[in-house]
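There are two complexes below, and they share subunit A, which is joined by subunit B in the first and by subunit C in the second.
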Partner chain A sequence: MIEVKNLYKSFNGYPVLTDLNLTVQKGSIYGLVGANGAGKTTLIKHIVGVFKQDKGDILIKGCPIFENTLMKSNVGYISDDLFFFSMYSLKNMSRFYKKVYFSWNQERYQFMLNLFRLDENKRISKFSKGMQKQAALILTMSCMPEVLVLDEPIDGLDPLVRKKVWKMIIEDVSEREISVLISSHNLKELEGICDSIGILNGGRMVIERELDELKSDISKIQVAYKTEFPEELFEKLDVLHHEKRGSVDLFIVKGNRNAIIEMLKNLNPLVLDVLPLTLEEIFIYELGGDGHEIEGILF
Partner chain B sequence: MKSKASYFNLNKNVFIEDMRRFWGISALYSIVLLFSSVFPILMTYSTLSEHGYFLINRILNNGNFLPFLFLTTAPLAAAVLIFRYLQNNNSTAVIHAFPFTRKELFVTHCISGIIIISLPVIINGLLLLLIKKPVYSTELVPVDIFTTAAILKWVGQSLLIAISGFSIAVFAGIISGTSLLQTIFGAGFLFLLPAIGTLLLFYFDHFFFGFNSGWKMSQLVINLSPITSILDHNDAQFSSGFIILYILLTIILLAASYILYMFRKLERSTDSIAFDFLKPLFKYSVSFCGMTVLGIYFIGLSENRIFGMYLGFIVGSLIAYIIAEMVVEKTIWVFKHLKGYLFFLIIAALFVTLIQTDITGYERRLPVFDKIESVYYGNFPSDDREFHTLMSEDNIESSLEFHQTIVDNRKWLERDPSSETYNITLNYLMKDGKVFTRQYTLPYEFFKHNPYVKKVYESAEYIKATNPIFHVQEKDLKIISLDSALLPDKSIQIINSFEIKEFCEVLKRDLLNESFEDMMSRKAPLARIEFFWKDNNELQEKYYYGPALKKSYANTLNWLEVKDYLDDITVYPEDIKYISIKRNSENSTTYPQETRSASNNLMIPTATTDLMVVTDKEAIQTILDNYENRHYHNSEGYLLTIGLNNGSTNNGFFQITTAPPFIINYFNTPMVSD
Partner chain C sequence: MFQLDLKNGKPIYEQIVDKFKEFIITGVLKPDEKIPSVRDLAKQLTINPNTIQKAYRELEYQGYVYSVQGLGSFTSSPDKILDTNKVDHLKEQINNNICELLYMGFEPDEMEKYIKNILSSWKGGRQND
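Right after this comes the complex of A and B.
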């Protein structure tokens, strides 16, 4: 649904996005992660057709997005810094959105208005920052877009509202098979929501993975034997990380989980536990062991 | 999710939203127009036809302050507010993410802006049409000024100013990245063409010896912008040429804005200048202005004008360049980025050199004798074709010869430091209708001793052309009044028509016989001559000051004597109480002071080595016969205060070369040739 191919963009001669590729499948949620200044917002502004790339292609449903009103009307976008017409209430804004987007869904608008308990007659500029974000969500989601691009959408939202938002997005993905791209500077935020994650650093895509594949591919295992840990196992396993805690050995191992467990069990361990891995850990180990490199990027 | 369609690139939704958001500008402007035109007219409606001239005249010429202010600022405000979304990162992203093309956005915003600023004018125009009734001008033959045509002209003119101002402000908005700069550029560009014209006139004036930056040229420059045109003359009538120019400029600006918008990189919002290629242009233009302005200022300040000018050029351009760089980079720490200034200096040096070398031969060029129809020969810049026009071959030839001597001597004439100068304008009307014009400021001495000028000045054609007395029918003259230059009490009126005729004849004879040297003489005249006449066709009394009655007009003086008039206008030594004299030097250029008694009688001052006091009748007569009434500030000589018995005083002057020996001896100064 969203395809970015070999995107290159420079500001005043300095490259800000280099050789960037990204794909968001239909009916999936893509998490774009990166520290401040990594180029997330710049990338997003290309995807929604605001910026024109220096090189490369940006396609929505296979068509270039830039100056393409038909494609743009399929894209819902919530920017990092919000903008509403000055002096407008949510009702005024909704009237404008309703006229501009054919697929406007008044029922959803009413539903979300009730859900968030916003006063649609109040001037949006009088709303708090969080409420303004909610207003933007209401307007954008009510347009029923096929592609939803959210730049730091949950900044300033309280956990309860956040939960409601995620629920609604996930419902849209499963029911209407929309494609969603969410950016965040915090990997933890995206845990449990995204199907794929891309990490952006210095204008380059450092790593791009499907989470299911990742999670089944990397395992955190705690194991203890009566005697020393059998050295020969090191050669058989793809060990990303190994740590000794007294008599217990902690492994981060890559490969088929069942096969690995089978292999360890054969040597009669006293203890054998498979521990949960956070997204953060997965990326740290995937990217190079001790994690110093990626810590600079993400946290 | 599909977008609703737009028609002819006008997006209905954007248009409606623009109207909804910015109708306030229209409303405010309408109220101002209503309160300053329709309301005052209605309030004085019953007496409008008789007393409404000034009110209607002001309204229809945009002469009222507040409406004029709105006429210029409402378009700017509309453009700044409508295109404000371009100057802010959030709004740029959100607006351009909507399913509109840039073309739709631009076209729609321009149309809504033009409607917003035009509606008040159109509404007011319609209201004026509804309430119009004849209002007559105060001229002798009254004309109705409150007509449909006049109202439509006002509507057209106002729309032209508003829409051209709007297009300028839109252009400013597209090229700049902040609303503040858009406002500054939008306001500044209104004056850009006249400003550039004025700056160029300075260079032409300064570097093209003979350049005539006369009235027509400055009018042309002022009319380059409708705003300066209106500001300059309140009853602005845009000529059709300028109307076409303004319309063309408006179209060009809107087209350029459209093209630039298509290429505008939206990430450039909040930058000062949104296009890289415009940055040097901006910096160099600002530097050029700074250079010229400080150059002009320094010329006035310093004793060495050439040095002052170049110093001004360098200092002015550097300061302006730094400021421009600060604006472009939005920081005050620009001192490491001044390499571009060197480039500017090279271009500026080339420009100044090019202008100085006169590659087109402007300074040397003279018209060809055979192609000249007539020549205007006068001492104030004019290109009026009917005035002082000489057509005789002799005069055309002499003028050309004189012109040739100026051109041949231009190198030193240009640099001559004489403080006594003489302005001369030479306008040749060519047979093909073109005008060849030059204006020179020449050293007085150069002019005074030129044989060709003498030939022209002594020609009957020139004398007749420059003295209106030759064109007045003597039978129309009612009164000729002669007033003594020194003592206004001494005056006579000639009212006898026969005497008037005789006087005119002798005066004409003296004028025609006057030598060039006498014309150039600064000797104080005996009296002033005023002519009063009534034209057959006109009821009003007319008069003008004729030539001064000079002491060299022997025929006229003789006639006055025979008629016993001379005595009545001549000031004799007996009328003079004293004459005090002091040297004119650089340190002291004030006339000797007069002192008065408690009863306000003139007191004869005490002579000192620096102050000569003359009371001797014979000496006074010598002074009266020879004193001059014109002097130049720095020229050496003697300053006179003539105290009269009636208590009034007058001033006079002697040059070193014209002063009587007894004055020179008194101050015991070595003779210095003039």
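Right after this comes the complex of A and C.
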């Protein structure tokens, strides 16, 4: 549904996105994560056709998105900095959206208005920040887009509202098979909602995988042997991080979990615990390089 | 229907698979009972439908559920289920527990008696069914 191929973009000769590929399938929820300044918002602005790429292709349903009004009416986008006409109430805004988007669904609008309990006659500028975000969500999701692009949609929302937002998104994904791309720093919540994850760093896609695959590929291992840790194992394992805690060795290891367990078991460990990593831990280990910079931050 | 633990590092589809197995084994879900559709469960748990789909495929593969075209998914009868992974895992657990008990000074004879007791009471329970 969303395809980005070999995207390159520079601002004033300074490359911001280089050789970037991304694919979001129909009916999939894609989580875009990355450090601050990694290029998430820039990438998103290309996907919704706000920025024009220097090189590469950006396709929505197989068509280039830039200056493509028809395609754009299929894409719902909530940016990081929201925009509403000054003096407008939610009701005025909804009238405007109704004229612009053919697919506007008044029932959905009423339903979401009740769900989030917003006053449609109040001026949006008088809303709190979180309420403005909810207003943007109501307007965007009432256009019934096939592609939903959300730049940090849940930041600043209270837990109850966040739950409601996820419920609405899940409903659209399961009933209408829409594609959703979400950028967020709230990795714990992304973990429950996304099926694919892309990790962006320095304008490049570092990892793009199915979330379950990613998690089964990387494990935290605690192991202790009677004697020192057998050195030859270091060569066989793809170690991202190693730490000695007394007589116990802690490893973060890439690769097939069962194969690793077999390998470690063969040498009769006294203790062997293998734990899956959370998305947050994966993020830190993947972006923390060889582990020097992250020492001390972790667990 | 049930709660998932997002803080647990275990992949969510695995958690769903395990929960359903537990329900089927303990009889909370009766044989040939209909389980929720992918969409319904996704909405109920606020979990990605693709994740639920994956869990259902795995359950079907392991023989815990079967699907009927147009009707949905149903639980299998217990005798159709064989999950070698789980069998290995359980054997290992028994092994660990026995070792621990022996380490704590449990006599092997006592152990044998204890295990026999469990087995005979299970057999008795089966005959009463």
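The criterion applied here is as follows: the second predicted complex is superposed on the first by the 216 of 299 C-alpha atoms of A that agree within 3 Å, B and C clash if a C-alpha of one lies under 4 Å from a C-alpha of the other, contacts with A are read in each partner's own complex, and residues count from 1 in each chain.
Definition applied: a residue touches a chain if its C-beta (ideal position, glycine included) is under 8 Å from a C-beta of that chain, and two chains touch if they have at least 3 such contacts.
Computed from a predicted model, the values in this text were never measured in an experiment.
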Per-residue touch tally on subunit A - higher for subunit B or for subunit C: B
Partner chain in contact with A:Lys61 - subunit B first, subunit C second, else both or neither: neither
A:His242 touches, of subunit B and subunit C: first, second, both or neither? neither
First, second, both or neither for A:Asp81, with subunit B first and subunit C second: first
First (subunit B), second (subunit C), both or neither touched by A:Asp195: second
Which superposed partner A:Lys167 touches (first subunit B, second subunit C, both, neither): second
Residue ranges of subunit B touching subunit A (in the complex, touch as defined): 1-4, 13, 16-17, 21, 85, 88-102, 104, 265-267
Residue ranges of subunit C touching subunit A (in the complex, touch as defined): 4, 6-7, 9-13, 38-39, 42-43, 46-51, 54
Complex contacts: residues of subunit A adjacent to subunit B: 11, 42, 45, 48-52, 67, 69-70, 72-77, 79, 81-83, 85-87, 96, 99-103, 143-146
In the complex with subunit C, residue positions of subunit A that touch it: 27-29, 163, 166-167, 170-171, 173-175, 188, 191-195, 211-212, 215-216, 220, 275-278, 281
